[in-house]
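Each in structure tokens, the structures are laid out below.
You will see two complexes here that share chain A, one where it goes with chain B and one where it goes with chain C.
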Partner chain A sequence: MSNDPRRIGPHDLGGLLLAEGEKPIDRDEHDFAYWERLVDGLIYVLGAKGYPADTAAFRRAIESLKPEDYTNLSYYERWAASAATWCTELELVTQAELDAKMAEIKARQTAGDAS
Partner chain B sequence: MPHDHDDLTPPGVPHKHPFQEDHPEPQTYHQLLGVALHEVLIEKGVYTMDEMRARMERIEGVSSETHGARIVARAWLDDDFKAKLIDNAFAAIKLADMDPGYAEITVLENTPSTHNVVVCTLCSCYPRSLLGRPPAWYKSKSYRARVVREPREVLAEFGTPIPDNQDVTVHDSTAELRYIVLPMRPAGTEGWSEDQLATLVSRDSMIGVARASDPE
Partner chain C sequence: MNTRFSDGDTVRISHRDDERHHRVPAYVKGHHGTIVRVCAPQVQPEMSAYHKPGEPMRTVYRVRLDQNDLWSDYTGRKSDTVEIEIFEHWLESVNHAP
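== the complex of A and B ==
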């Protein structure tokens, strides 16, 4: 079934026999990390401003993730990847700005501070 | 950059700048990407931190108890409201002074002959305006894959066995159309108020993996 030609992409899970085997659904409740709340929020804040113009653009960016990324990334990592894609396409940000900011955040996390 | 941190690190000992004190740091490429995107969008003035905080407060202020359960309890008590809800949920939710969100909503009424259950096989579409953010299991691969293939087994796993003489209908949500289940009103609740009835309506009963609770 995982090779079913009718599947439209890695996100198309309905009815699938999962490669990792059948297992009970993990019903544990979970909390959200702050970065997850930010990613969740930015989608809606941008949505309220008309970015992207419709939910199809958001969906397209998620559904065009590489199958291994779709499988391995966590839920809000997929959202982050999608949002970065269409925010770049809409020229709200550039990849260079994102790369520089990521380096800055990592430096902020690890920088020793002798003050 | 001036340092006015008031922390317990002894002078001269290097310390890290946490992303947010006492919370998990973003670690992976995509976690950092999400945070970087947020910070660049703020720096470029696309939105403000106040707008972000307002959005977080709004979604975190929505819960199944204060929103979805009220709608269900009202529908149990008021046939006219229930008819409006089933005819045009978006308008009826507005009528109840709640924000229906941006996507179309369809209310699925459970009956003795049909039990309804909701999934989003492609992702996680969910009636957030009535139930808040979806639970992890709703977004999980196993729920999305299995509930359309073996709904009775999945429902039994949730502690909701469905009798053979009751049909199970699975509804697959989309970005533009969300569903919420109107569970059956439990017996023994005659004369109950809306407040009392709402306490019997769980989030899971409005997704369709549970029934409304029986009165104790």
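== the complex of A and C ==
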């Protein structure tokens, strides 16, 4: 059934049985990390400003992740990946600006680890 | 806004594929259900997902399906149902025998 041509993306899991090596969803309550709260806040601020104009764009960016990325990313990592997709599509930010910021953060973390 | 279906109508959820983003999971495609609520018109996700207007809007309906019909190996009660909201352009009329 996992090859069902009607399936519309890696999220379309209704009725599928766990395959070898797959784990059931962790349904335990857990605290959110600070960065997860930031992602949540950012998405709601963008939403309040009308970006994206419809939730479908937000969902499409998540559901069109490569299956391995969809599986490996956590909930708020998917949100962040989605925002990066449509923020660049809508030209709110360029990919070059995103790349530069990520390189800057990575350099800061590496420096922090070294000290 | 004209609505094609009303409460109590039997419908079939389209079995078709669509490469564009859409809101119809595989497990309901091709199955019959009953309209239990006419919801509001909404922009079409097949277009709005790509930052296009998604007009004209289409009515969304809440459709009730039988669990026993959805899952061939279902062991729950016969009366168990699942409800899902589906856009009008993904629903087909089913002709009743008189």
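In the analysis below, the second predicted complex is superposed on the first by the 103 of 115 C-alpha atoms of A that agree within 3 Å, B and C clash if a C-alpha of one lies under 4 Å from a C-alpha of the other, contacts with A are read in each partner's own complex, and residues count from 1 in each chain.
In this section, a residue touches a chain if its C-beta (ideal position, glycine included) is under 8 Å from a C-beta of that chain, and two chains touch if they have at least 3 such contacts.
Note that the structure is predicted; figures quoted are calculated from it, not measured.
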First (chain B), second (chain C), both or neither touched by A:Ala57: second
Partner chain(s) touched by A:Asp12 [first = chain B, second = chain C, both, neither]: both
Partner chain in contact with A:Ile105 - chain B first, chain C second, else both or neither: first
First, second, both or neither for A:Glu29, with chain B first and chain C second: first
Partner chain in contact with A:Asp4 - chain B first, chain C second, else both or neither: second
First (chain B), second (chain C), both or neither touched by A:Trp86: second
Interface residues of chain A shared between complexes with chain B and chain C: 12, 14-15, 56, 59, 63
Interface residues, chain C side, partner chain A - complex: 15, 17-18, 21-30, 43, 45, 48-51, 54, 70-71
Chain A to chain C touching residues, read off their complex: 4-8, 12, 14-15, 52-54, 56-57, 59-60, 63-64, 86, 89-90
Touching residues (chain side chain A, partner chain B) in the complex: 11-18, 22-30, 32-42, 44-49, 51, 55-56, 58-59, 62-63, 73-81, 83-84, 87, 92-93, 97-98, 101-102, 105-106, 108-115
Complex interface listing, chain B residues touching chain A: 3, 5, 12, 14-20, 23-26, 28-41, 44, 46-47, 51-52, 55-56, 59, 102, 119, 121-124, 133, 135-137, 139-146, 148-149, 154, 157-158, 172, 175-176
